[in-house]
């Protein structure tokens, strides 16, 4: 059985197949309108969401399926002390596939190990959000005609932005892509992501200047800078305006430079840019729904395939202490670790470094 | 594309067509059981509700459609700073029609301007609640055989009661109706509604005495008087009992005087009256469901018709400052105003007077 | 019209018919996939729940029906002062059957008296939870091949555990069953339940020693002991470990002694026992869904049958004062009482003794 916990769970060929399927659904929706008749999606949003949850639910309905929903953790069995593993066993009795959002890193992985139905990670804390990346790549594919040879600008919160890390991981797998990383000094891409790009030979530059970067870009991925990320609010005040995109600044961008944003946006993209044909962020929301349809069909079809292999180890000496990881919260969890490309020991749930 | 923001958005002919459709659905429900197959209603109750939300959802299911739900604003993208306009663009990707309840006046109108799917106002703050009026008029039509020539009593909170204002606006359009307005002095009908009735030549009287008014009425619309409306709780205590309806008082009403209430009722209608054939408030709840079915069918059928024209102006000098209006909350909103029948300048979102 | 408020509402024959139907649904799910087409279940969880609610909703979907949901009481019409009776009348307009969970004892009964659709009690405070008992008995029936001649261990909180009282009531009706009641002194079975077993001639023993009891049992029903039940937390600390089940202790149980738990479990069953074939608690969750399907079909089919007769009296001298009972909260409620087998006067809503 296959799950989707991290965008890298799927090969480049699998991602192409998903995009091809999404395009077929867009072209011929009626052919898919009964594909999931009699099937149920469990929409488990222990951390509430509007967009992602409604996108999944709309996707299942468009495939002719049904939905059972949990929105919020209050009063749920989790709040009564039930483990995520037990929740997964329980939901396996009631649904055929589930999408899970939870505030702890690694929560979707824990559930997938106990579940007998496919699990889709709809956002595990600050860790991964792979279906956003599916929305992103279909959008780039449709708007740019492919996923290769692009100068990709990413702007805003590159340190905490989980969709940023996923997008880089995904787009690094295609030929001829380079990145322009635009952020305040305080929110630069984490060291380990930078190191991986270097190790993979991916060209990139880092800059704090959005306007100066714009003319170089084939696409720009905007993210929100949150006030809470700054200990000193004055630093936020000083910085915030420099990372706002508007029609005036986009005047200096290429005529075919598309702008993406995972949404919701607050003020980092001015509404005066919305009517520009390069504004692709609402088309992105629509693409996300179709990719989720393709994903649901794939995982249901592959129920009997073996799960992906992982080079995972368990050793009582290696314990994750990250307070944001499910490892420090889930009763009875079996700690698992792996060695990354640099030989660094990391937690298999949250990917943080394990101090041996 | 048509929306329903205010009951006056529909002509008298359109309301008649809705009632005729509702009656046909009541008579032949099986003919409509697949009418909305493959369609989705977004049930967006940012301000939670039981009755109105379940009524809309039941209506969509009875038409063979599906529903995606938001109940409460906590954890929603709105709470993350997303505008209502962006929420509308987003929901246009996931549903075919939406019903919205929100605590700000004008919220449904803002969404309808950005949305590419029909928007139904399910209650925007203290402003409008047009589908309640649809339930009211179908009930009067069925119980009284028509909407004309009636002496209509309205009792309770006439000042804040949004359903009261809507009902008066709707029933004023039919021949030969007159109103008996029954309320404490503190909760009398607002000046502008009184002025409009006078200008339209609608006969009415105002009284504080329910028992004295009862024998005159062909129908009585009861509303709840809330304690919180009175600065001095003692005034509430003194008043509350005078506006309670019970079997004893109804002894003095006409034998065919029906009693309506938008529900939920607390104590303003005694349960000892429930079994009286003139108690129509639960039949009203059922009628509301059928009118919502007819409404959904109409708006989906009219997706390609142009929106109603409005004589709306934008002028930077004219800014709404009503703190209960979406204008003072929605980032990037374009203030819009109009001149009412008296030539008074009003906000197009909340209908309050604009100080020029 | 039939409802399910208390497991004893159904005869032994009716329970057998439900189990037979559930087994048929398990064997031939496709035959039932359209049974409830066009029907709606109202899933009214004023007290939120994950498992029970999702079980009901999954059940209705598997029968081809639709669901409308209330989860939590915040913002509901109940929180605006609406009575449960009015809520029942309202929901009768929108659904064909409803399942209700609420924190007050007797809440489901109040609703069933005002409702014109069948009402299923999904948990009324600490009072009853009859559909859990349906899950329990189907599990015992499937795992043990019948419901008779069993030595039934029940462990944990026997004082407050509503599923415990229901299970005893249900299993006492079958031939040759005896009970081993395992609990701390502070959480022993309530006097009135003990007295009833004696009066019915049901063999039982009470012990505080789980390990000593294990070898005698054909089945063991585990329940959670909650810290909040003890005024003195030190007593809880001292006791808690003695009522935890694990693989080591189960070594001393019979090879065919099954273990049930209503879930969610916290730590009272160690995960090291989960892979043992005698661990039946997740199979129990699945059985619960199928019994709910059989129950929905039964109640919809029997809509026109008369309700069960009750020997109920109303007398203004007899008033329930239990603050956890709907009688002390529901405006306009008609107090009802009955005489139990001992001639003791009890409230018909919450079953507590009425001081005359």
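Each chain gets a letter, A, B and C, in the order it is written, and its residues are counted from 1.
Heads up, the rule we're going with is that a residue touches a chain if its C-beta (ideal position, glycine included) is under 8 Å from a C-beta of that chain, and two chains touch if they have at least 3 such contacts.
Source: prediction; values computed, not measured.
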To bring the C-alpha trace of subunit B onto its twin subunit C, one rotates it, in degrees rounded to the nearest 5, by 120
Look at both sides of the subunit A and subunit C contact and report whether the same residue positions are involved, with over half shared, or different ones. different
Per the C-alpha means, the centres of subunit A and subunit C lie apart by a whole-Å value of 41
Multi-chain touching residues of subunit C, meaning two or more other chains, are 69, 71
Per the touch rule, the subunit A residues reaching subunit C in their complex are 38, 40, 42, 66, 68-71, 74-78, 80-82, 85-87, 89-91, 93-95, 331-332
Could you please specify the touching residues of subunit B with respect to subunit C in the complex? 33, 47-51, 54-55, 57-58, 61-62, 67, 69, 71-72, 263-267, 271, 282, 285-286, 289
